[in-house]
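Two complexes are shown next, each including chain A; its partner changes from chain B in the first to chain C in the second.
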Partner chain A sequence: MNSQDRGNVGIVIVSHSPKIAEGAADMVRQMVGNAVPLAWTGGDVDGGLGTNVAGILEAIEAAWSPSGVAVLVDLGGAETNSEMAVEMLAEDRRARVVVCNAPVVEGAVIAATESSGGSSLAAVKRSAEEFYA
Partner chain B sequence: MSLDRASREELVRALAEAVIQHADELTGLDQAIGDGDHGLNMKRGFEAVLATLPGLADKALPEMLKSIGMTLVMKVGGASGPLVGTFFMELGKALPEQPTRAEFVAAADMAINAVKARGRSEAGQKTLLDVLVPVQAVLAAGGDARAIAMEAAQAADRTTPMLAIRGRASFLGERSIGHMDPGSRSVSLLIGAAAKVLEFEARL
Partner chain C sequence: MHDAHASRAGETSVPLTASAVLVNKVGLHARPSVKLTQCAKRFAAKIELALSGDGPWTDAKSPVKVMRVKAPQGATLHFRVTGPDGEVALAAVLALVHDGFGEA
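For the complex of A and B:
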């Protein structure tokens, strides 16, 4: 089964700032409309700057696609918390979620654009990561 | 080591108080070389742990540690949540209910390796590993509670002249030199509190 049969790869945006996460998601929507499952999360559990595992898990669920989900993160804690969240997923889902080593805004836009063309999770991740290559 | 319910509750309260009472100090350290939220984050995490008492202390030691770790992972909100939380969770996974000292040393070793993997880091990069690794060496060599607490405090001090290579402080490059690593300070406080309650000679 290729990814087109299973829907496009989902995109999750994780930032310390909910405003950045939401704004990056707006930019993604402007590029790809509703062609790609998309969710964002930002802030700690008290609403301050930070990231939280529960919010990331919810976002992965919201953007879930059988083709997989690419997670775009900003700074250190966002990455560490995202990796923790991926490990807490059910085993059959864990292998279909990747955390990209890419800038959060540019990475999210290019990943979504790649996904909207029906590319695989690996191709979506590769495109996003070309920013740091 | 055999901890009855009262001792387990005493341990949880001591760990939480050590962090909560030093929250301002931890935030101050983090304002110097990080994003200034470490004290608040750790305080939030350990307040959430306290909120799971008294039920938390009803659990056997391994389950209690796993539960503490999961609460920290879910509540802390910075990288310290997964890092410190992973330590507690993996320690709980690796410990039998009444560990011998050798079993405790082996479990701590597994927990430290899990923290290294989680942070993709090693000792020497100005992180909490710079306290965990040398304290583990003292523990493995048979050091008593006093020696363990002293090594924890000194190891945190030794992060001051280090150059940060991992974590937010690494963005500052050489400006990270001259400030104690906040995560190391947190972990040294936790170890100091645990050592005091556990009194390694007597109970381990």
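For the complex of A and C:
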């Protein structure tokens, strides 16, 4: 409720598979609605399975909100590339993007649910991470 | 439909309670849980739910916790609400359950 005037926290989905990323985004749209900025990215630059920093940066840009962006990732490289992408952001944006320690599909739905209620970035991250709590 | 025995409490510190039967086919699974938490978050009141009137109580604003309740179709959902807007909050969550979360 503290981010009402700045818009809802954005959600970014990063998977090695573009199909998983897109499918997870579909689930968020259908289950949570359109009140949350949302973007997904998946696959390496050659179109194979993997992730790439440029794609992640684009997704963060697409889902940008002054309230911040929560990134949901699947395995290894998705996380390290996401962290790299965050480091490449302008300094004033860097602190407003977090990578969540949560399962990518469930975490995305839960994070978006939390965000749709106007919660802060910290609350969105905490809620998504409840899956591993 | 079992909310007729809702107990009224004038003071905000005393929780309001009511219950309703889950009518939608899937029970309180992912989609209904999301709808319920979204609804609960619109209110300042503390909103909790349980499968029994004695608890254990679950925070209705936490989608993860609500899904973990795994309430099946036919289960009676008990609500306990505390706060200044508790009365409208309780009415709103009960309406949602009665309505089968729009997917009955």
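Here is the rule we go by: the second predicted complex is superposed on the first by the 132 of 133 C-alpha atoms of A that agree within 3 Å, B and C clash if a C-alpha of one lies under 4 Å from a C-alpha of the other, contacts with A are read in each partner's own complex, and residues count from 1 in each chain.
Assume a contact is a pair of C-beta atoms (placed from the backbone, for glycine too) under 8 Å apart; a residue touches a chain by one contact, two chains touch by 3 or more.
What you see is a predicted model, and the numbers here were worked out from it, not measured in a lab.
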Chain C versus chain B on the shared chain A, clash or fit after superposition: fit
Touching partner for A:I110 - first (chain B), second (chain C), both, neither: second
Which of chain B and chain C A:S15 touches, first, second, both or neither: neither
First (chain B), second (chain C), both or neither touched by A:T41: neither
Touched partner set for A:S67, first chain B, second chain C, both or neither: neither
Which superposed partner A:F131 touches (first chain B, second chain C, both, neither): second
Per-residue contact with chain A, leading partner among chain C and chain B: B
Three-chain overlay, closest Cα atoms of chain B and chain C, distance in Å: 26
In the complex with chain A, residue positions of chain C that touch it: 30-31, 34, 37-38, 41-42, 61-65
Sites on chain B touched by chain A in the complex: 35, 37, 40-41, 44, 73-83, 85-86, 118-119, 166-168
Footprint of chain C on chain A - complex, ascending: 31-32, 109-110, 113-114, 116-119, 127, 130-131
Parts of chain A lying in touch with chain B, wherever the complex brings them together: 16, 44-46, 48-54, 75-77, 80-81, 83-84
